[in-house]
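Letters A, B and C mark the chains in the order given here, with residues in each chain numbered from 1 onward.
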Amino acid sequence: MSKMVPLPSKSIVPERDLDKAPILETHHLGIDFGGLTAVDDLTLAVGRTEICGLIGPNGAGKTTVFNLLTNVYQPTRGTIMLDGKITTGKSTAHINRMGIARTFQNIRLFSNMSVIDNVKVGLHNSTKESLFASLTHTFGYRGAEKKATERALELLDFFHMADLAKHEAGSLPYGAQRRLEIVRALATNPSIVLLDEPAAGMNPSETAELMENIRKIRDSFQIAIMLIEHDMNLVMNICEGICVLDHGKVIAKGTPDEIKQNPTVIEAYLGKKEAE
Amino acid sequence: MSLITQLIDGLSLGSVYAVIALGYTMVYGIAKMLNFAHGDVIMVGGYICYEIMVSAGMPSILGILAAMVVCTVLGITIERFAYKPLRKAGSLAVLITAIGVSYFLQNAAMLIFGSETKTFTSVVPSFALAIKDLSISGLTLVTIVVSVVIMIALTLFIKKSKIGKAMRAVSEDKDAAELMGINVNSTISVTFAIGSALAAIAGVLLCSTSKGIMPTTGSMPGIKAFTAAVFGGIGSIPGAMVGGLLLGVIETLSKAYISYELTDAIVFAILIVVLLVRPTGLFGKKINEKV
Amino acid sequence: MKNLKSLSKYARTNIYSYGMVIVAFVVVTIAQSMGMINNFLGGLLVPVCVYVVMALSLNLVVGVSGELSLGHAGFMSVGAFSGIVAAAMVRDSISSDPLKLLIAIVIGGIFAGIVGFLVGIPVLRLRGDYLAIVTLAFGEIIKNIINYIYVGVDANGLHVCTGTADNLNMENGRIVLQGPQGAVGVQKIATFGAGIVLVLVTLFVVINLIHSRSGRAITAIRDNRIAAESVGISVTKYKLTAFVTSAVLAGMAGALYAMNYSSIAAKKFDFNTSILILVFVVLGGMGNIPGTILATVVLYLVPELLRSFADYRMLIYAIVLIVVMLAKNSQKVKMLKDTILEKIFKKTKPTEVGDNV
């Protein structure tokens, strides 16, 4: 594992990613809902091949951060930079085409479509097929379809799901649905994937396999991964940098070891000790 | 005619729309369905009143009461037999069933009462109120007064009464209301009953104004009132009232000052523009999808 | 044919749909040559084809794209009247009837498509019931406007006006559109053959679109809009694709329909017609192509054939509609159906599963 080093913005990234600018940076990001501040003054950076954790107690604003990063919500303050480009005002679909893919805490598959079609929807923007070709099934339709099918099967195979290709997505077991969401996200050819509680509802052996898979994704695709997770074992094991959120504010940033020792983090999770 | 007379006529038409729209909006708020047969309940109300008042020659008040009773029973029956079994089905299935009910009512009326237009005599004795050079017909006056009374009474009922509170609870969250011991089925029945009784009154007022009744009498006012409900924000009671009144005024003014033939196009075009600016209507709540 | 179940859904939809249309065409043609089709039945052939096209195209919006449209007859209307005007303009210069019909249909499709695009851009931002009411409103607006305009053709070309036909200022021209009376003096050039061709074209376009990259995007948006956006699919673009394609097909159907009558008024394409088509789609099974065709043919023909029961037919239709909807959504009926199917297919089921895997 590469050493974590600080940037001028006081965020840390793995040493091996230093030769290029961070893939994702936020500067003083914040959003208010009505009078309530859900996220405030969030500044962080994610290295090109970093596995980064976003943790915090329930209601800390973690998923809101993901929704901000993908422009599902428009920030009240601050900026987001993806690969050096400001993403303000872009549509969620455009953000994906720029390189951010995500999964959802409450699984959002196209449940009435087959597994392979779910992945092929993910491949949408890397498949070239005109509307005319779609309507007539000619002019490159067959070639494009064949390529998409092959690529989809390849991606499914990566997660040992190729044999499930023709099943209806909604009928898969829970764990497989979570994996399929990751495959679909990867199909969009992202430079960073946001995973929202990927291990939720999984048993220890499934979680262990997931950890393997997350590393494997990073190593084979050479992309960054940012994840929200409550399973501390998973977070401490695979994340290189961790950002802790409480009440919408960053209360700590650092390596797993630093976070484990941090008194503010311990307090946020366990509550303030009453004066004895 | 002066602008003021036009405005008053518009308010009169609009208040009838508002009363019908209340039925749409209450049912939508509570059962989350578009009750397309609502317009035809208006027609049934009109016919009952016609039979009692014109055919049997009894006093108009009896006709109105009979219309209310019959429509209330009809509304509850429709809900019980056509909509209740579909409570868990998709909204399209319910919509199609409601269309089926609408066809049924229209064609049953055609068989019973005939397809020709019958002359409806006004339930209000003809008199006119003259203020300086302004003359308002008794019917217009009664229509506005009755509608205002209905709106106030309904608002109070929903705000203060126990059933009204139950209705609001069910429209907010059906499951939670049920867990709190509210009988969802009877609450929905009551909603249909009230909506249908209001439709009966609206039907009588409408037929009194147009002086005629036929099996399709309820269709267009039904669609217009539905439009009014959406205009105001469907599910919202003040929205239905304001939407109905606005629609009536716009329609009357546009008939008088823009173009008689294009009035419907103008009314609907305004609706479209309003929805584009405020996608959930004037008083509709913005619903944020949770991601 | 012995192993239809093992084919892909795409192939099965194709075989059932095209097969049904071709068989229907052959049967009707044979019956016609044997003199078994009287004037009344013959008059229903073109409308049946038209309504099949209408239902298939609406299915693209309601079934595949998942948006409730209550104004589909509006596009039919735009297609019908633009087609009539186009046919009237080329009436003297082109002698071939099929060519005139083709021009009318193409122009009808193009105009309906343009209107669909203009309506779709703002309207598709709305959701659910709000979209439904706006499409309804749009259908009424179209009806109202067509009721208001007068069109005539003379040696100098096209004349358009409002108010009365006298405002047309024509010299020896022909009136084509006469306000509330609608189109008059239309050449009846629609044929059953043309209807079948239009149905086949529609099937080709609709089935291909559903089973393509664009179709997957449309279905994905219906299944989960937020997820579709998150994988980079532009919601507006694909909703609009479905909406405009559907409008074009409806416009073509409208033009064909209009050419089947010597006069036709805008009120023919009102809210009730939109609803009728929606009923075909819903009862045929949303997104189910062969089902839509079957439901349309049956539901269109049955009330027509029941004309001898004149007064009762629509009442019966209404009752059937309600009962079918209740039965379709009833748990008891579903269980009963499953038990019956199980009994019939008891022996074949295991092998069938084996084939599939």
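Definition applied: a residue touches a chain if its C-beta (ideal position, glycine included) is under 8 Å from a C-beta of that chain, and two chains touch if they have at least 3 such contacts.
Since the model is a prediction, treat every value here as computed from it, not as a measurement.
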item: Most remote chain, CA-based centroid, reference being chain B; value: A
item: Chain nearest the overall Cα centroid; value: C
item: Whole-Å gap between the CA centroids of chain B and chain C; value: 32
item: Whole-Å gap separating chain A and chain C, where each centre is the average of the chain's CA atoms; value: 44
item: Separation of mean Cα positions, chain B and chain A [Å, integer]; value: 50
item: Residues of chain B engaged with two or more neighbouring chains; value: 291
item: Where chain A touches two or more other chains, by residue; value: 72, 104
item: For chain C, residues contacting two or more additional chains; value: 226
item: Contacting residues of chain A [partner chain C, same complex]; value: 70, 72, 91-94, 96-97, 101-102, 104, 108-113, 117, 120-122, 124-125, 127, 129, 131, 133-137, 141, 144-145, 148, 184-185, 187-188
item: Contacting residues of chain C [partner chain A, same complex]; value: 204-205, 208-209, 211-217, 219-220, 223-224, 226-235, 241, 245
item: For the chain C and chain B complex, residues of the former touching the latter; value: 62, 68, 122-123, 125-130, 132-134, 136-138, 140-141, 144-145, 147-148, 226, 271, 275, 278-279, 282-283, 286, 311-312, 314-315, 317-319, 321-322, 325-326, 328-330
item: Complex contacts: residues of chain B adjacent to chain C; value: 28, 34, 82, 85-86, 88-89, 91-93, 95-97, 99-101, 103-104, 106-108, 110-111, 223, 226-227, 230, 234, 259, 261-262, 264-265, 268-269, 271-272, 275-276, 279-281, 289, 291
